[in-house]
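Below, chain A partners chain B and then partners chain C, in two separate complexes.
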Partner chain A sequence: MDKVQNNKAWFLVLPVLVLVAFSAVIPLMTVVNYSVQDTFGNNVFFWEGLGWFEQVLTDSRVHGALGRQLAFSGIILAIQIPLGIAIAVCMPKKGFWASVCLVLMALPLLIPWNVVGTIWQIMGRGDIGLVGYSLSALGIDWNYARDPLHAWITVIVMDVWHWTSLVALLAYAGLQSIPQAYYQAAKIDQASRWSVFRYIELPKMQGVLLIAILLRFMDSFMIYTEPFVVTGGGPGSATSFLSIDLVKMALGQFDLGPAAAFSLMYFLVILLVSWVFYTVMTNLDKAEGR
Partner chain B sequence: MVQITLDNLAHSYLPNPQGEDDFALKQLDHVWKDGEAYALLGASGCGKSTLLNIISGLLVPSRGRILFGDRDVTHQDTVARNIAQVFQFPVVYDTMTVGDNLAFPLRNRGMAPAAIAEQVQKIAAMIGMEDQLKRKARGLTADAKQKISLGRGMVREDVNAILFDEPLTVIDPHMKWELRTQLKALHNEFGHTMIYVTHDQTEALTFADKVVVMHDGRVVQLGTPEELFDTPEHTFVGYFIGSPGMNLIDAEVAGDTAQCGGHAIDLGGHYRTPKGRVQIGIRPEFVTLTAGDRGLPVTIKRIEDVGRHQILRAEFAGKPINAILPEGFAVPAGANRLHFAPDRINVYADDWRVAPLHAVANPVKEAV
Partner chain C sequence: MSFAWMAWTGPTAIFFGVIACVLLLFTFLGIKYPETPRRGILMIETTRGDRLFITLLGSAFINAGWLATTGLPQYWALGICAFYAAAVFRWV
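Take a look at the complex of A and B:
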């Protein structure tokens, strides 16, 4: 029997297409459109080709922002992942205190990002902030609005405070799924605490840790709100990460063309990194199932 | 290697156990003699694994003491006790190679690398994985993983005892037999005390010199396979061991006779009148089918031919009763009576065996 071709069925996909078009395709294409054109106002556009892309790629200001961004993501990953694992390992596994710890750990995650920024903006102030005042009282001339190092420390401490919980909770879930028999066997084999961590806990947490790294990398790579509230990208451009720089370019200077080209490349970098993570993770799954 | 003594041991998983029912392991006094191979037999959930975990140091008992020789180890950890234990489901260290897995317990004890390599080779040969020592343990079959677990259990020669917690559950039948033989050989070579938990009676009876039967958190009998077969101390042992298990019939016992529903049955011994619920127990192997008017009248349900013999399934007073008939036995016409060999009958009061005061001098041998 011949297959019946019923192309009318495609109409059923239409609502989704319309929705996706408005929510993703059209905004994205607008950006693509801006990235290859120039304008002097009055809604008159000129074809610019790949000019903006070349300009952005060779722009030392963008290079600086990218460098700071990579440094920031690298530093917070290097702190949050080990710290999160350590917290998860130390958390009680069951009972009343396990619940208390879980709630406490979840709290920072529930606070809106601009509020987090505000909290640390105030905390770091030398005149009224708890941390800033204490440091000043200790004889350290603490001023994150003037000293780039102080600004970096504030932003990093804030991010660690805000997001280490996520890593800890994911690692905790990974630890909870390890059957008791593994710990018993390790005890019988007279393994040290370090061996238990190295050969049982860490391998079993591998999957969730990869997800934690992916999430933390993407989020930190796109960070905007908190540093914007705390330092506004300063002092100078010391804490101008990619997003902050992009917004300055697009809305501060209204350089729509370069900003659009910048956005597209920014988007592609994130896409690329996510793809790499996805490939690594699926390959690990295959190795597991072999 | 050392004698392991359980002194007044009891364990409950509850923080404040009240009645006896709260205890997973009821009070227990027991001595595991140095160098013997024991099988710990019992239904699932009877406390076997709890007992093993207490011996190896994974659990601290709620009450009582554990002695290794004269040393009290009740509160010592697994390192101090140096006991090997193999669990029901395979546990391997995924990121290590097969060889590193086997070497792990030795490395943790700080043995010299050369000696470790030699020992690992030997164990690998025993479990048949010599050619896979360099392979990562991740992704092996459950079978192979369990063989590694077994290997890790056997790799230390200086352990005080090796405990097996139903180790062959996930293994292929033909491999099961081979591994059991290997365990037996290992026992003969090194003379470790071995305790082998199982709920498979064949496994228990072939592996061990002594079988310990547990029921409902209690050790109900310790004995050789013959003792368990001939004189089960508890009705549970009677019906758990043997296929089919022991027949148990409610009876009134006085002197050397039992009254079952108005029928007199001769006993092989002399008894004081036992109190409580009295039953007589007879193994199907010692029941014969006869015609005539002697013996217990039964309703025959069916006869199953299982190859080397036949099993007669019958009913007496609404309760099943079984007999084993020889291969090729032709049931005589009108046969509906079961006769019990008097010296093979055991008497139970409230499930525990009552020893006869003395044997009947000349038990009446009835003509079959």
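Take a look at the complex of A and C:
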């Protein structure tokens, strides 16, 4: 029997469409309009054409922010993904301690971004902070407000502290879904611990790990609050990532035109990366017949 | 209700109008001529809508690249985009 097609269900999507129109489409259209004009306030605009795009695309300041952003995202992915997997593999699979570990792992995820920033801003201080004071006591002149390397280390350690648990929890969920039969088969074959990880656990975690990489990449690519609270983008512009630079441009300098062009290029990069991840994920699902 | 804060201009209105028309056209095509996804040179399954998305996204990058590197009139980039769109719809 042919399946009955009833397209009236599409009307149920209308509320979402209206919501998205107000929260995303209209603001995005406004940004596009701003990106080709100049303004000094009072809703008075002057036609500028593609000038702002040209300026943003050839601006060394924007290139620098993009470079720092890519470096930051690359570094935190390189740390968080292996670390998260390692933690998930080491976590107890069932019983009392499994629950304790799960709660402990979830804790950093529950803390708001600005609080995380404040915690690490204080922790890193040489005079009163636990980390900063300890490092100073060891003879290291620790100052994240003066030394770019120290600022980077602080911001990266903070992000690793905040978000590795997400990767760990996702990897843990992936591990839990592997049927025992696989492990029993590996035992019969006398497979080593490494072989079990390499040929059973890792392939079975592939799906959730892709989601973890996507989430962490997107989140780190849009990071604003934590580095803003800890370093304010400094020292100099050492930790001025894309969104920090963008806000400085839009709100600090009130350069709405260049900031709009900047945010559209930012949006395009995010759209491209999201599409690549989405395509890889859906094709992986199809390949696995899910 | 005033839309002055949205700062509309003729060219941006045409830009969004064209995109809206293309979306409507593809919705119409989707209803009138249903299709099955196919696999092209990217080795991924794509529908007509996917190919449109790849075309629009790629065109944005072609235009940005053209603007950043050449200094030549922007409508030449549109010409390249037309070839790119034809290639995407034919081979992807």
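Convention: the second predicted complex is superposed on the first by the 267 of 290 C-alpha atoms of A that agree within 3 Å, B and C clash if a C-alpha of one lies under 4 Å from a C-alpha of the other, contacts with A are read in each partner's own complex, and residues count from 1 in each chain.
One rule holds in what follows: a residue touches a chain if its C-beta (ideal position, glycine included) is under 8 Å from a C-beta of that chain, and two chains touch if they have at least 3 such contacts.
Values in this document were obtained by computation on a predicted structure and should not be read as measured data.
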| item | value |
| --- | --- |
| Touched partner set for A:102, first chain B, second chain C, both or neither | neither |
| Chain B versus chain C as contact partner of A:39, first or second or both or neither | second |
| Per-residue contact with chain A, leading partner among chain C and chain B | C |
| Chain B versus chain C as contact partner of A:135, first or second or both or neither | neither |
| Touching residues on chain A, where the partner in the complex is chain B | 179, 181-182, 184-185, 187-192, 195, 199-200, 203-204, 287-290 |
| Complex interface listing, chain C residues touching chain A | 4-9, 11-12, 15-16, 44-45, 53, 57, 60-61, 64, 67-68, 74 |
| Touch list for chain B against partner chain A, complex | 53, 56-58, 77-79, 82-85, 87, 89, 91, 93-96, 104-105, 108-109, 138-139, 149, 152-153 |
| In the complex, chain A residues that touch chain C | 26, 29-30, 32-34, 36-37, 39, 43, 45, 47, 50, 53-54, 57-58, 265, 268, 271-272, 275, 279, 283, 286 |
